[in-house]
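Read through the structures below before going on.
Both complexes below contain chain A, partnered by chain B and then by chain C.
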Partner chain A sequence: MTELLQMALTGFNLGLMYALIAIGLTLIFGVMRIIQYAHGEMFMLGAFTLYYWNAEFGLNYWAGVGVSAVVIFCFGAILQIVLFRPLHGKNILYSLAVSLGLVLIISSSGQILFGTTVKGIPSAVTGGVLLGGTYLSYERMVISAVSAALIIALWFFLRRTTTGLAIRAVAEDPDTSALQGVKTRRIHWIAFGLGSAMAAIAGCMMGTLLSIVPTMGFLATIKAFMIVIMGGLGSVFGALIGGLILGMIDSVVTTTISGDVALILSFVVIFLILVFRPSGLFGQDWE
Partner chain B sequence: MEQTDRSSRIAWAALLLASLIAPVVVGFDKYLIHVGIIISLNVALATSLWMIWSLGFISFAHAGFMGIGAYTSALLFTKLGLSMWYGLWLGAAMSGAIALVIALPLMRTRAVYFFMASWAVGEVIKRNFAYFRDFFGGWDGVFNIRAPKLDLGFVEVNFADRLAYYYLALFFVVLTVLVIHRINNSRTGMIYWSIHENELLAQHAGINVFRHKVIAFTIACALAGLTGALYAHYQTYISPKSFDIWKSEFALVHVIVGGLTTVGGPVAGAISLTVVDELLRATGYFRTVFFGAVLIAAVLLLPGGLETIPGRLRSFFKRSDK
Partner chain C sequence: MTNKKSNLSRRLTRRGLLKQGSMAIAGGLAAPAILPKSAFAQTRTIKIGGAVPLSGPVAYWGQSTMQGFVDGAAVMNEAGGIMIDGEPYMLEVINYDTKGEVADSRAATMRLVEQDECKFVYSQAAASTVGMLQVTEPAEVLSIVACWGYLELFGTDYPLHFRGEMSDYEQGFAYMPFMIEKYGKDALKSAAFIGPDDQDGIDCHFSYERLMKHYGVEQKAVEYYNWEDTDFYPIVAKTIREKPDFIVTSPSPPGITASIIKAAREMGYQGPISSPAASETETILEVAGEHASGVILPVTNINPSSPTQKAIEKRFLERFGTFNALAGNYSWWIYALKAALEMAGTATDTKAVAEALAQVELEDTYVGRTKWAGKNAYGLNRQGVYDCFTTTIDDGKAELADVRFPDLPDTF
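So, the complex of A and B:
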């Protein structure tokens, strides 16, 4: 029983972080209809920004998370303006090819710049508490809380603010919202930057739990895509649910059977979800 | 129209002739012949992926199906001692059969979701090769997959020789491209493009969209399986890593950079990008960075891909005539 609870807690924690990455991806797809394959690279760059801020220069951890988010926000916005804007409205394959090129450039220049040795960010919070036989580390609790808070904050941003409303309007119908005076180009880079910043923050959180390497972006991309497909592209709520499902599978199956089986099983689950609900759990039928 | 048809025919003949005499031109250089074989395999893979694209969707499971062909042929050789002459066809058949079974549920999904679902299929195929260690050899892969010999009575050709293998690969690539070209130019090809343009309308015009999609996917995956078997017997060693997602992605990139509307597109894309990749080998660590840069530049600066170059040149010269 306690083992089960432990697994559920780890899964929940993992799921929230996965959801954080995936929500950024789903936001970018929803607004721009592009497949951002380099999303995991933003996650990696976020983690490395924090690493240099915190571990190399010894500056404050939480300020570093903010700095990392801002840096990656700007980076994402610039990428959108320079590379993805000219391709807007063209075949989805072109923007996919560009993002594939970005993956190649970012991950291999990451290996050249940061080196291939495994690095770690020291935890900001240590210790834990034993509750009814299950160990709760404060670090994981804080990370879960931050992830949940960010997801809620994003939800409020999309629901309650003017920019959030504009983002949702552009996702719904770009032409009509442009006619209503929404600056769609501005919304595009904001959404791209915001999505990338979400991934960067997830990278910061993950960086303290796991080790960081320049190639870790690829796995994050895979996980994010799995979640987004499960939940339905463009759906923030779907990404949250998908993240939690994947986190649970990862946690439970990895501890009871093995990591390989967990990955195969999650792909099979995705496949089945898509067969029975061809647009994901909460998705729309995109053309 | 007729003139373009003739010029494209000349271009194809020239390309075939060039690839036939290429080993002589390079002076039978071992490395360059190796590059030639890699180019051939990439062309075959990209072209069969393009065939799926002609119905309006893109599969990320392509490397997976190539892997099925490769593993089938390799295991037939190492476990049963059957040479590649059996493995090629059985590999293609196995790949096609699995594609058929998977396509039936997979074709329910559409557009971006198909793309993602096929990506999951590709990963599952690869992970299965890695997971069933006793049968597929796990991450270590399968070793000692030898190339076949051909006894013609008066002369015996050993395909372990690179030059011989080059011509063998060339033969099958020409076969693959020819098959796809024939399908594309037939009435069936027109049906495929009508599905590409507007699935709903095609359905209302009395086309069985689902059946066409499944059949086209099966044929393309069988051709990918054939390429896989050729790959296995050339490399003599395969592992799940040989068929990971990057293989599919590179095939896709070849198609995109080459061009999406004609069969010449993937051929041009695969040849030029493989050459670029090999040229960048000299840059060492920066190889991938430069390749990514070339890729982005090609997409941004040459919209429509390499296949639009003849048309651009023609309109350029016409304009200067005036």
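So, the complex of A and C:
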């Protein structure tokens, strides 16, 4: 029972962080219909921004998370305006090529700028408590709470604000939205920046919990894609559920059987979902 | 004034020039018979090639290895080169990036061997070593690498292949006696292994098994993680469920080791955690934070103190702007090669140089005393063995705790 609870807590924590990365990716796809392969690089840059802010310059951790989100939001918005806007409406392969190029450029530049040594962001919260044999790390609890709060905040933003409504409208039907007066160009860079900022915050959280290295983005992108395909392209709720499923598989199966089986099972679940629901658990059928 | 003018005129006359030129030519032709040979020998160059990961996930190791060769060659060249059979040779170090990939390493090594005509090459980490060996042995090129796994690519079938870095097996004969002294034999009756799920991890587990058997330690758990794993809580939970007295994380890099330490300590595990590959205390302290305690890091010298160590540290800082424990550890390879070249008296016969290299013992390197051993374990003396500097981390503080030459058994 204790082990099961430990596994569930670990899986929940992992799942929320995975969801945070994947929600950014699905938001970008939903609004712009582009596959942003460099999403993991935003995750990496977010983590390194916090690292320099907090570990190198000794500035406040939580302010650093905010700074990281703002910096990467701006960076994402600039990338959208400069690189992706000219490709809007053109063959998806063009934007795919650009985002793949960005992966190489950002990852290689990261290695030159940040070095290749693994780094760690000091924990903002330490300690924990043993409850009936199950260890509850305060750091993991805080990170889970922050991740959950951000996901809820994003949900409210998309549902309850004018800009959120515009984002959803553009995601639903860009042409009709434009006819209704929605400035789609503005929505594009906001969505791209917002998605990138979500990845940056996830990078801060996971970077604190684990470690950071300039090549960390690749795996984050893979996980995010697995989750987005599972939950459905463009669906924020689907990304949350997909993240939790993947987190639970990673935790429970790795603990009870092995990491290899967990990896295999993750893909088996994705295949099964695609067979029975080709658009993912909560996705819509994109033309 | 007159004399001066007269001297000047004499120097500038055509006849005088012709006369002096004739004398110079005559003297030049006669010189080899009169003066020592070395005074006229054209300085030759020995090219040493590096097919090393200079970018990618293992670039840190590759750059550290490269720095050892670049620095060593510069030091030797500044001292007039190395003398082989009475003739001076300068050293030229050429490096190509393998990105830590087998195919790139193979291509880089082919370029070094065929285009640059290197007879001596070096590499770092398993993938680059595998790629390099596809080229070097058939081409009779001598290689020195740091690689712990792929033991089938080491030994009698690869007589020109040297492994300069002690693997977890050799290190074990230093860190196990140290741990027994530190914690007591009764506190180290059982162990668990956590390593990557690849050939390196499997081979290191094989070495770990032999080591634990040698010291009579029961093996309680063996866990492999995927490089794709992001959180080590599940695998550590599974490991500590078996209640091992200590954990060995081999050959896990510092970041992963730190994550394992952090997870284990958070879940209440209190036994020592030894990591033969994670020679980077700063990363462990940063990542594991308050949980960095009871950590044993063999071949990690955080306190260079001998004149040789301090000189190497100073030179590396001046030349590369950085210095780390690993770069120091690899710095002795080129000095061993120099000794072998001088001993063999040839810069071209790699078989002779290999035989000489196997005999080389150095007394005062960054890692103290060095020699090549492993005849009984691998079939040939091609494994570098040296003083093992062990650093411990307790309560978030790293300190150099032990220096000893591995207590190698007769079977090694």
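Everything below uses one rule, namely that the second predicted complex is superposed on the first by the 287 of 287 C-alpha atoms of A that agree within 3 Å, B and C clash if a C-alpha of one lies under 4 Å from a C-alpha of the other, contacts with A are read in each partner's own complex, and residues count from 1 in each chain.
Note that a residue touches a chain if its C-beta (ideal position, glycine included) is under 8 Å from a C-beta of that chain, and two chains touch if they have at least 3 such contacts.
None of these values were measured; they are calculated from a predicted model.
Per the definitions stated earlier, placing chain B and chain C onto a shared chain A by superposition produces no clash, and the two fit side by side.
Judged by the touch definition given at the top, the superposed model places A:Gly243 against neither chain B nor chain C. By the touch criterion defined above, A:Lys223 reaches chain C but does not reach chain B. Contacts of A:Asp260 after superposition: both chain B and chain C are touched. Once the two complexes are laid over each other on the shared chain, residue contacts for A:Gly64 go to neither chain B nor chain C.
In the superposition on chain A, A:Val118 makes contact with chain C only, while chain B stays out of contact range. When the two complexes are overlaid on their common chain A, residue A:Ile35 makes contact with chain B while staying clear of chain C. Contacts of A:Leu87 after superposition on the shared chain: chain B is touched, whereas chain C is not.
Of the two partner chains placed around the shared chain by superposition, chain C is the only one that A:Leu130 touches, whereas chain B remains out of contact.
By the document's definition of touching, of the two partners only chain C reaches A:Leu210; chain B does not.
Chain B and chain C never share a C-alpha pair closer than 5 Å once the two structures are laid over each other. Shared contact residues of chain A, touching chain B in one structure and chain C in the other: 108, 111, 222, 260, 263. Residues of chain B touching chain A in their complex: 58, 105-106, 108-113, 115-117, 119-121, 123-124, 127-128, 130-131, 249, 252-253, 256-257, 260, 285-289, 291-293, 295-296, 299-300, 303.
Across the complex, chain A meets chain C through its residues 3, 6-7, 10, 13-14, 55, 108, 111, 115-123, 126, 128, 130, 135, 137, 206, 209-211, 213, 215, 219, 222-223, 250-252, 254-256, 258-260, 262-263.
Interface residues of chain A facing chain B in the complex, by the touch rule stated above, are 29, 35, 83, 86-87, 90-94, 96-98, 100-105, 107-109, 111-112, 222, 225-226, 228-229, 233, 260-261, 263-264, 267-268, 270-271, 274-275, 278-280, 283, 285-287. Taken in their complex, chain C has these residues touching chain A: 55-60, 63, 197, 223-226, 228-235, 237-238, 241, 253-256, 258-259, 266-268, 280, 282-283, 285-290.
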